[in-house]
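Chain naming follows the written order as A, B and C, and within any one chain the residues start at number 1.
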Amino acid sequence: MDSSEGVLRTASAGLKSLKILTEQIQISSNGNCDIVDITREIRELLHESMLKKGSANISVVGSTASISTIEYEPGLKRDLPELLDKLIPSAKRYHHNDTWGDHNGHAHLRSTIIGTSKSFPFINGELLLGTWQQIVLIDFDDRARQRKIIVQFIGE
Amino acid sequence: MDSSEGVLRTASAGLKSLKILTEQIQISSNGNCDIVDITREIRELLHESMLKKGSANISVVGSTASISTIEYEPGLKRDLPELLDKLIPSAKRYHHNDTWGDHNGHAHLRSTIIGTSKSFPFINGELLLGTWQQIVLIDFDDRARQRKIIVQFIGE
Amino acid sequence: MDSSEGVLRTASAGLKSLKILTEQIQISSNGNCDIVDITREIRELLHESMLKKGSANISVVGSTASISTIEYEPGLKRDLPELLDKLIPSAKRYHHNDTWGDHNGHAHLRSTIIGTSKSFPFINGELLLGTWQQIVLIDFDDRARQRKIIVQFIGE
């Protein structure tokens, strides 16, 4: 009897093992290098998950947008589009545009370089971000879009 | 006896906990900004793993290549090398080339900026990618190479 | 009795499930695109963790630095700052600088493009990096700083 209770305690410790939770959020963007702060939405999902420590992977589905972090303030919201339009111009003619007759070659190239997903650690139920560091969707496409963002937590 | 069977059920629930599987694939590339679609190989490994939900981390070993996503079509396969050759020219003389007498300084710099690994969520045994979003190896080195790619799944 | 010992073995297999360990390291940097090799620190934490296989997520807290990999040699340590100063000049006037009266707009933009976190697989207790591939903090800010880096292992 004692021994079997010992097993129970051990097994129940085993049950506190890691979980994976996968959520999806829809974000409206204006495209054209629109930068949308999604930190609050991710925080709310994290709090609802009741997870205390682990990793949050944030991915945007598609090939003309990126996930990254930035200090979300009006100056940088103008600087990033200006910089990218200098480095990877939207007005240029790309071979991609010839393939499909569309005009978003620049959006694809920016997404490939900056990436569509990032992972962030959390402890005590809170993301380990700097005070002036927000998680953002950057939508490079040449039109307003509804974006599907996958928020996946691995943790306990 | 009843109580011991209860423990068994509990323990077996504990056994459904997360697993890590680490696989390696070899990919031949032509270098010189060759873009190789590796989505099918990753999907096959995911299906073989029998995992249903979790995260796939894809890494290329080395410092002159990157992993990212792109719409894998002929136009963008020309656009990305042209863009990178404008921004981070292969023909330029780099201090790195002086260090070793080689000619791939640009390849190192591109790899540092775009990154060597990315993580992607999956549910129902399928990667959550867009229809026109493929996972690719981009090999910046100045010669054909055999690349070692690590595919690591964390999931259940 | 036999059956209860069977449970014990099963439960103990369950206990070998994945763990998350989150460590923090402090790194001094000179800013101004200083590149600091943090591979040794991460390796030491990995060895102390006793974990054998899994994933290491490395994040820098803040919005003016990045984590990436590079061949850590003197040539590239000059090439990367020169390249970034050409693409995203530090001397340029940014709207961000107008917002706060500071001079690090370029540092924010570089951090957004290169990213603040990366994940690396490990097996047999060792990171799967190339021989000439080091994990580095790149500090773009315009002054020396103490940087907080989160090292999170998920593994077994």
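The criterion applied here is as follows: contacts are C-beta pairs under 8 Å (C-beta built on N, C-alpha and C of every residue); 3 or more make two chains touch, one makes a residue touch a chain.
All figures in this text were calculated on a predicted structure; none of them were measured in a lab.
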item	value
Numbering shared by both copies at the chain C-chain A contact, with half separating same from different	different
Angle (degrees, nearest 5) of the CA superposition of chain A onto chain B	120
Centre-of-Cα separation between chain C and chain A, whole angstrom	18
Residue numbers of chain B (touch at least two other chains)	4, 7, 11, 14-15, 17-18, 87, 113, 115, 119, 154
List of chain C residues in touch with chain B within their complex	3-4, 7, 10-11, 13-15, 17-18, 53-55, 68-71, 73-76, 78-80, 83, 87, 113-115, 118-121, 123, 128-130, 132-133, 154-156
Chain B residues within the chain C interface of the complex	4, 7-8, 11-12, 14-15, 17-20, 22, 57, 59, 61-63, 87-88, 94-100, 105, 108-109, 111-113, 115-117, 119, 150, 152, 154
